[in-house]
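The structure is given below, and queries will be raised subsequently.
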Amino acid sequence: MVELVPTLLRQELERLAADNQRIDGRGQWDSRNVSLEVDCLYNAEGSAKVVWGDTIIYAGVKFEIRTPWPDRPTQGSLMCGAELRPVAHRKYEPGPPSPQSIELGRVVDRGIRESGCIDMEKLCIVPGEKVWGVMIDIHVLSDGGNIFDAAGLAAIAALRTAVVPAERFDVGEDHRLLVNGSPIMASFTRAGGRFVYDPSEEEELGGDERIHITLGDEGHLHSLQKGLRGVFTPSEFAEILAVAEQKCTELREMVAEKEGN
Amino acid sequence: MVELVPTLLRQELERLAADNQRIDGRGQWDSRNVSLEVDCLYNAEGSAKVVWGDTIIYAGVKFEIRTPWPDRPTQGSLMCGAELRPVAHRKYEPGPPSPQSIELGRVVDRGIRESGCIDMEKLCIVPGEKVWGVMIDIHVLSDGGNIFDAAGLAAIAALRTAVVPAERFDVGEDHRLLVNGSPIMASFTRAGGRFVYDPSEEEELGGDERIHITLGDEGHLHSLQKGLRGVFTPSEFAEILAVAEQKCTELREMVAEKEGN
Amino acid sequence: MVELVPTLLRQELERLAADNQRIDGRGQWDSRNVSLEVDCLYNAEGSAKVVWGDTIIYAGVKFEIRTPWPDRPTQGSLMCGAELRPVAHRKYEPGPPSPQSIELGRVVDRGIRESGCIDMEKLCIVPGEKVWGVMIDIHVLSDGGNIFDAAGLAAIAALRTAVVPAERFDVGEDHRLLVNGSPIMASFTRAGGRFVYDPSEEEELGGDERIHITLGDEGHLHSLQKGLRGVFTPSEFAEILAVAEQKCTELREMVAEKEGN
Amino acid sequence: MGGYGDVKLLRDDGKRLDGRTVDEMRPVSIEAGVLPAADGSAMVTHGLNVAVAAVYGPMEAHPRKIQRQDRAVIDVRYNMAPFSTGDRIRPGFNRRSREISKVTAEALESVVLVERYPRSKIRVEIEILAAEAGTRCVGITAAAVALADAGIPMRDMIVGVASGKIEDTVVLDLDKAEDNYGQADLPVGILPNTGEIAFLQMDGDLSIEEFNLAMEYNFKAASEIHVLMVDALKRRYERGDN
Amino acid sequence: MGGYGDVKLLRDDGKRLDGRTVDEMRPVSIEAGVLPAADGSAMVTHGLNVAVAAVYGPMEAHPRKIQRQDRAVIDVRYNMAPFSTGDRIRPGFNRRSREISKVTAEALESVVLVERYPRSKIRVEIEILAAEAGTRCVGITAAAVALADAGIPMRDMIVGVASGKIEDTVVLDLDKAEDNYGQADLPVGILPNTGEIAFLQMDGDLSIEEFNLAMEYNFKAASEIHVLMVDALKRRYERGDN
Amino acid sequence: MGGYGDVKLLRDDGKRLDGRTVDEMRPVSIEAGVLPAADGSAMVTHGLNVAVAAVYGPMEAHPRKIQRQDRAVIDVRYNMAPFSTGDRIRPGFNRRSREISKVTAEALESVVLVERYPRSKIRVEIEILAAEAGTRCVGITAAAVALADAGIPMRDMIVGVASGKIEDTVVLDLDKAEDNYGQADLPVGILPNTGEIAFLQMDGDLSIEEFNLAMEYNFKAASEIHVLMVDALKRRYERGDN
């Protein structure tokens, strides 16, 4: 990718940071507007649309019936993938999955998987023969910054409102997918030398490393990821972790509201 | 593909069209010479070679035994593919199938499939267990223009002379493949502003859009495809459709002659 | 690959050849130092490390249980692959397997397979149901010239010291893989106009065609391969074949020593 | 076309299973300017189909070898989201989507004033989020609106519509069941002002009379959808930049 | 080599199953200039094998990094048509065809006067339409005739031939059954005038004496095929341009 | 993390199955300059893990579009050899190795003085020959030593270490069984002199207190491994060029 170093943007972000300001007027730990819509797509057994500032992401859940792995005969499976297709931004090119899209999918996947919110044993239909495979696909339509948090939010909301299509597969009655808890991601980018929450597109372009934190309902860490060039200190991490706890709680409530039960 | 716009060629085609002439002396709806040979390749269960002007195309039919799809336990399957390999012209490059070769294969496939000339039920060996898969491969050796019609002709001729190798697979005696009818394609390119039948390589290079029409024995439409840049009017289409009816009938007789029974 | 023709190197190799000398002081049929280590990697069921001059190559053997081919229900299978990954030299690029790496793997594979040293019938566990698949992977870590001979040596040494992991797969007790004989490869490159044994990196860079000869315990030919641009006469071949016989015998003894039984 | 004779698709009153008459479209709604990151965009809902199109450019065409000296190339990617169909689709192009991308690009090149932008490229991304038969046509309509939203000059709009045949009857705008069990499908791309055709495919079985009737339905539907396209763009201009 | 001991390949009269003697080739026929679109071409029928070769160039070598400052590169693609074998082959390169393409290119570079065309590329396309053992050799023969037909200067022709071993007997030119159940195969590319070797592969089991006899047969066969190659080119020149 | 509750990983004496205490590393040995063809290289054995790293460059970055005007790019390939694991791995990149390669490259770009080499590329090849849990960390350590061996200037070394949780107990440096049946894994890349962090991943379940203890163990281990890294480089310089 051609990426001219945005020197002027960097300088501007530093100037703003020195005044404790951000380029779009937000405070250091403020979020942009977030809206969440669920059950919005025909054919997906669970779906969610997140509009987060200028970022728009859909997530869709599909089910299949699989033969379980021989060493785990009573366990279903979960798969989460993401595509950063050229629709989402001028900078994305067609071709095989980029490292960026692989990282996005795997970080969201780990947050959900490691939180234990999907009990793989509950996905068993006939031990050793038939289990459910749950597949979440994240489709980024517009990248306006902080796609990780938006993708994580869309994924858990689509999962929590998904209906297992048992009737279509002749294995019982349709029922809500059982999801225990809502792992939520909070992401921080170093912009102007300090970390900010929910980076905008410009802060990502003129910033340095990112840290993605996924927290479960109890405030436990389930996934961490540091991306891009840059280093940080343990005390910086402690500070953003405290912010993440608050942000994740707020977003978890937003998901709960949409479930309508 | 580097494609210098052949401005001079375009002007020449326009000049000729104004005089109702073509670059190789043909009339607007005239075909080049076509020769058809069948049963010409060891190892193919059906084969045909078409020499159509400077275009040379082979088609070969192979059979395999497959498990039928669960929702169609008594149906076999048909697959038609085409390769525009670098052997066929200086302009073709190695690599994964180009959109051009995919289009060629799919348009020929649709013409055959949608005409219903292969009864999928007749390809059943043991319901739910074994059915025949019929695979037609189109191999373009020399692209001298109008490869679509030559490919379609080779494909149906190879199919109509194919022998199902039942003995080799231990499922009965070898027998002729049952083919009900001969769908035939007729293609038109806009050259010099008007449509001509059976475009030569130069007419394709200096021309605009193409229309591919596949007609069945009763004169019904089974496949249409418009390719390349350009628009046409309904009355232009009505005119070429009338020409197509006559051309397809002539070529259908050529196929019947080769079957020798 | 950008490959500036090393004109000066060519001239130097010709000058040296005229004096019957080599660039590193060896005689025409001399080998560089070769060391062989076996059973050196956790997780590989057989492994060998060859240091041959500046060339370093590992080979590892893995086993899997497969369903045999229907027409060979009592035969297991053997597969030998090689990767010339970018780790091994500045000149290797990432991407799908290059023709160079495919050739390396296939030439080593043919030498082993055609010598008959692995009896495929002995790899049968349950006829028609379960057979062993033996997979040898050659991993070139440093290409200092003559990777073919080093790869062939590592492969046969890894095979001859491999233990079939029957217990892990619940099909009996672990046991040494049965290997009848040690096919060994000897390679020659035309450098300075004449053939030399065991070409160094510089002799390969400034040389012409290569000939790879694999000989079995009885001195029979099991695999031949001529690579790169150049021609040779039957009498030249007779001369290097005589050298190959001696070199293969020496290396075969080195393998036998490492087996420790 | 599946063409199974044993599935009833027309009711005794001559209407279709969802109550439509033979020449009645599914409901269509169109919104322009829906994606902040794109230069132009549109979302079209047609029955239960949802298609989104984004336009980027004109921009420099690279690699060089795709450049045309005298005009812009239009680079179309038609893609079905993994969750857009009954069974999940594995991500990545397949033969069907490559063919649709090719002929859609050629149709759009027939209406965009590509001569205005020599050596450049216009990217058109069509994403099908939900599929209920007829997605290639819905994608063409969305692409046309997105091109207009991006301010790309065109000689006319292009409207994607389809007719087909079920139970030996020509009908407008096949839905999922009609597509699965019907006898023919005729998707076209119509220039609403000139009445010309820039996109044409067909499969199944149609006599020439049936073809003519199906085209008549298609022209009628194109006029109706064209009104909605113009309306969506008006609303977009009134809303202003995002 | 399969090397199954239980298949009889030699008759009691010492002849082979198809009646050939041990040092007898299958029938060969060669035609030059068979593909109108190519700069040079040839079709070789060898037993039931059918190989077609097309030559394009010399042309500019791109991408740049494949260029050689002092000579042309020869870009060979050996490909088996999907219908050329008993079981259909999936289109696309596989490891076997990549290896054959590599060593065939290197063999042809050994005879073509590549120094005459620095920085350029000569494309050689070898298509196997029907395979009955020995296709790599038939392809080399076809490529050599196609290069000559294209007017590419060569220091000598190159002829692809093979001998092998069946039932412990060295024989010339294995057919399908002999290849499947035989004990060794020795395909070579011979320069008929100089007697040099530009292509060499071998697999199976051969003592040095057997190897020498197999090579003797190969040289004999190369002379015979060379006559047919020259004859095909003569007929081509008499026929004139197509 | 597998997180199966029924596998016992701590003995009654509080030690781990292999006898280590909770904050004890597996044995580590490091050698620099092991690959003659590379500009810099290292082999690290960590428990039963074996990782080799090669460095090539700085060299011209091509294709052009990967160049950065103001600095070098670091191109990392983390690869597991087919025979490095229990079941053979098919050669070629997979999603896991692509992700690890990406974040490892970003971590190394954080310590290498990339500003010194604008428009250039430094290739770092990490090959895992034997895997026994924690390979990404072992690879980072090997890469850092190889970079130093290649004479590439760095603002600090970087050490790959990991802690985790088994049976609700935080432990340093999970081995294979602990990784398979444990509850959390926290691999980090630590700058031993500045105490900063350039690499961070984590999965499983950790309370914030557990996270802090795991990080404490990691910093302790990084100091120990750093001593071995410096020692390996000293021995390498004493040995001289190969």
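By written order: A, B, C, D, E and F. Residues from 1 in each chain.
Methods note: a residue touches a chain if its C-beta (ideal position, glycine included) is under 8 Å from a C-beta of that chain, and two chains touch if they have at least 3 such contacts.
Note that this is a predicted model, so its numbers are computed, not measured.
Chemist: Sharing more than half its contact pairs with B-D, counted by residue number, which one of C-F, B-E or A-F qualifies?
Modeler: Going through C-F, B-E or A-F one by one, only A-F repeats the B-D interface.
Chemist: If you average the Cα atoms of chain A and of chain D to get two centres, how far apart are those centres in Å?
Modeler: 31
Chemist: Between chain C and chain E, what is the gap in Å from one C-alpha centre to the other?
Modeler: 26
Chemist: Could you put a whole-Å number on the gap between the CA centroids of chain A and chain C?
Modeler: The answer is 48 Å.
Chemist: Mark out which residues of chain B touch at least two other chains, giving numbers and ranges.
Modeler: Residues 97 of chain B each touch two or more of the other chains.
Chemist: What residues in chain F touch two or more of the other chains?
Modeler: In chain F, no residue touches two or more other chains.
Chemist: Select the category (line, ring, star, complete, other) that matches the graph of chains linked by touching.
Modeler: Shape of the chain contacts: a ring, since each chain touches exactly two and the loop closes.
Chemist: Reading round the ring, first chain C, next chain E, what is the order of all the chains?
Modeler: C, E, B, D, A, F
Chemist: Chain A touches which residues of chain D in the complex?
Modeler: On the chain D side, the touching residues are 34-39, 48-50, 52, 54, 56, 59, 77, 79, 81-88, 91-92, 123, 125, 127, 129-132.
Chemist: Under the stated contact criterion, what part of chain B meets chain E in this complex?
Modeler: My answer: residues 41-44, 47, 54, 56, 58, 60-62, 64, 81, 83, 85-90, 94, 96-97, 135, 137, 139, 141-144, 168, 201.
Chemist: Can you list the chain D residues touching chain B in their complex?
Modeler: Within the complex, chain D touches chain B at residues 1, 3, 65-66, 68-70, 95-96, 98-99, 101-103, 106-107, 109-111, 186, 191, 194-208, 211, 215.
Chemist: Please give the residue numbers of chain A that touch chain F in the complex, ascending.
Modeler: 1-5, 97, 99-100, 102-103, 105-106, 110, 113-116, 209, 211, 216, 218-234, 237, 241
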